[in-house]
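Once you've had a glance at the structure underneath, I'll fire off some questions.
Letters A, B, C and D mark the chains in the order given here, with residues in each chain numbered from 1 onward.
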């Protein structure tokens, strides 16, 4: 480890501990780290955005538009982008509506068919199972359980009818499935979260404490 | 009763301290809780374990970046230790620029534990070469042309370990450690095209995606996440960070379960002694 | 008219074109183009974010609001990253190095400046560790949330906490040694969990598609600041 | 210097010895395996060409039966070259190379529509290569409709029709019943509590773009909240992750204050941009929660792993918390740490409900009818499968394959 590397390790360790101090309570160290990371991250995004967004998608193609006149089309999003910047003006901020409307139109139009395909058709197909033709009686039972669970969950999301009678009963069954599913997801995630903590502690112990010790000891 | 009331109104910072202790304690004082070795991990272990000492090298590719180090570095170390302890030659490389430092770290860490083995003869670090799949393909055509020098700048021709390495035929097995689809590229080219045996170590989330390759025999073996690494450490008889990590996982999980149970015991035991208003706070379940 | 109808018309036309390109292969290029347009627009939009951030913090400084001193940290870090980033990305240090003699005082200054304005090191040793540490706070919060909230108050809440406890046990070696736990864990994850996720997914898909359609048709227009 | 001739000698000997050794080896083994090593591999057969389906032209799929030496026999095949020409007599140029064991390739290099192309597949091994017979002609055609998405189109049309029908139904003034949502009722209460306590409300519209539908739903709910807040002279703090979402949120909150007749009470600095970085954003919002101590926290929109960090910090400050998201993976954490959670589709329902516009409520009825259709489809699918009929289920396959054969 060089002296410079040691310095940066100390910086990282200091900031790590500053964030952890928030678990006790809000304090100047946390406030410092928080305000620092906000500034650094916006600066980073801005720079990366300039060099990996504006350069390859706007500046470079426009500069090459003598050879590829087609690239001039990109003037349109440039203008729309500039219109959007008029947000800060009291008088002309309505012009930014054009930009937002276009972004929304593109987003919504693009999204409808894939949403229907992946979230609706594919899931519907996955629910159509041959409940007789299963390798074992147990597998058949599981298949039926999934089928019943899917339908009752779907019924829980009925909005235009009061949840009473059969509808209410099925919706309640749906809640049972929802709650078991949520519990399972919660329990399943614990491991990944603990891993993150182990990772940070490894950094503090191995890189920082032992690293510094090795640096001093030679 | 007092204790139960205390539990109910316990400051959550006590929970934080307990969690921190549950994770730190095994790091400082390993418990070595029993670990059950699965078939997938054993297959990779067997594939390496049966290799003769000082013959064809194992190729290890470190294709991950710092964000997945907690899960993947322990398994890289475990596989390297296995090879070093059996004096099987190892060539370490990476296809990711961010993996270069990690690959070198891993190799140097393990190398320090085996001073009887020497760099260049028993192990080598080839560093990062840009090109990704082209590099993987290049090894199949001509190893030394793909890696004219090692990761320290020494010409490859001067490394005895590489003297007999022409292409994948001279690699006993390649093991890829990754949090991305890199292992699929190794399978596609190194295995499908050149017939090299491929093993993989991936993150826990990705493990299930890799099962089909294992069943079809395209992967020799598979390590998944921290538990896969811990199982490998058990097989080589050298409990390391993954075993400790699994200790921490077990204790933390049990801690949370115990907390939930205690919380419920306290909740029900004190129910009669509490003001009714206290129980009337809206909570989950009610919202569904 | 210009302020209300035209934006709604733009949205509608763009929506119809993008909807149909999903089904008409020769229109795929429109999609590519639209993606790039959206990318350019959002890249430019970031300036608004930057302005807002600077405004908020300069205002805090001006008003001497609570904790206003920390705003200096944010503003300084912001300027530092942008300056360092632009100097590095445009290769200024390389040019400066090429322009001065080896061993000269100038070279020493350029090297010092390059070390002091290190975009990548700040990113790696300030942003990445803070991000990773914030993320790892979840290890603590997942425990405190479970302790506080998982009380068997109602039937549903009981199901939630039992499922969570079994799966937690089934994920670690210690718990897997209890006979049956591993099998029940797999069953919970594969059967009721799959069913619930599937039901939610279909419902969410319906909600998303219908909201998208309402936006395209201009029925939903709150986002344009028009209530009706 | 003295070592140089020595090295040269060694190299010369080596360069001579190696081929000789190889030769000896070949001769020695040659008798046994001459048939396998000497001749080039057996050519591939059954080369079939197909215009790649459902595209804008510019791609042709080539498939073949593996060389007998690939699947078995000598087993020394290296790979296959796909060669193309515009005339059956050549010249053929390699457009694609695939490793051994592959029996299909897609040619996507500079194909013009409506031009005749001819192909041959060449199998290679260390010894040589063997071309197949020429196949063709084939054209890369432009398809005007993506047949693989026919089922998606039909579903889209059915759904849009249902929605439009109920929206227009609603427009005629027919009263529609919508069941109550616990989370929504709590919303009014939570906003009311904040006003009573004289504390601000924190509203986080998720961390996604404006084109994310969950964000739009969140903006709708924000619009309702802003109006109530303005009436009671409370502050609403809206930190933002995305600059475009921020401007929209500003507009909506300003409208809310305007509608309540208090445009001057609106402080633009309360709706602001933080950063487009997940955990930096969370760090900042956590800071706001512990310093401003809002009485009510609303997390509505698209969330990722940060959901629990926000909700747990909020819970520790004693705020009433209501969450709403369609991010399935995050719902469990909100349920655990918040007082009320709008689950998945409930978020969209809430946004429609809050606006109370009949048109928006009509669409909810359309959604329900689509659910009935889907449950019906699942039932028919399960029953037909019982009788061994698979074509009904196959119609739900994506991409749709039943018209391909």
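Basically, a contact is a pair of C-beta atoms (placed from the backbone, for glycine too) under 8 Å apart; a residue touches a chain by one contact, two chains touch by 3 or more.
The structure presented is a predicted model; accordingly, all values stated were derived computationally and were not measured.
Each step here moves to a touching chain, and the least such steps from chain A to chain C number 1. For the pair chain B and chain C, chains touching both partners: A, D. In terms of Cα centroid distance from the overall Cα mean, chain A ranks first.
The interface with the greater number of C-beta contacts, when A-B is set against B-D, is A-B. The most distant chain from chain D is B, comparing centres defined as mean Cα coordinates.
Distance between chain centres (mean CA atoms), chain A to chain B: 25 Å. Chain B and chain D have CA centres that are 28 Å apart.
Computed centre separation for the pair chain A/chain D is 13 angstrom, with centres defined by C-alpha atoms. With centres defined as mean CA coordinates, chain D is found 16 Å away from chain C. Within chain A, contacts with two or more other chains are made by residues 19, 22-23, 31, 33-34, 37-38, 40-42, 44-45, 84, 87, 100, 103-104, 106-108, 111-113, 116, 118, 120, 124, 127, 147, 150-151, 154, 157, 175, 178-179, 182-183, 185-186, 189-191, 194, 196-197, 199. Residue positions 12, 16, 19, 23, 249, 252-253, 256, 283-286, 288 of chain B are each in touch with at least two other chains.
Residues of chain C in contact with two or more other chains: 19, 22-23, 38, 42, 45-50, 53, 67, 127-128, 130-132, 134-135, 137-140, 142, 144, 146, 148-150, 156-157, 160-161, 164-165, 168, 171-172, 197, 200-204, 206, 208-209, 212-213, 215, 223-225. Here chain B touches chain A in the complex through residues 13, 16, 19, 23-24, 27, 69-71, 204-205, 225-226, 241, 245, 248-249, 252-253, 256, 285, 288, going by the rule given at the top. Here chain C touches chain D in the complex through residues 19, 22-29, 38, 42, 45-50, 52-53, 55-56, 59, 66-67, 127, 130-131, 134-135, 137-138, 141-142, 144-146, 148-150, 160, 197, 200-204, 206-215, 219-220, 222-225, 227-228, going by the rule given at the top.
Of all residues in chain D, those touching chain A in their complex are 149, 151-153, 155-156, 159, 176-179, 209-213, 216, 244, 247-248, 274-277, 279-280, 283-284, 286-287, 290-291, 329, 331-333, 335-336, 343-346, 349, 364-365, 367-368, 371, 374-375, 377-378, 381-382, 385-386, 392-393, 396-398. Interface residues of chain C facing chain A in the complex, by the touch rule stated above, are 3, 6-8, 10-19, 21-23, 31, 33-34, 36-51, 53, 67, 70-71, 73-82, 85-86, 89, 115, 119, 121-140, 142, 146, 156-157, 159-168, 170-172, 187-206, 208-209, 212-213, 215-216, 223-225.
On the chain B side of its complex with chain D, the touching residues are 12, 188-189, 192-193, 281-284, 286-288.
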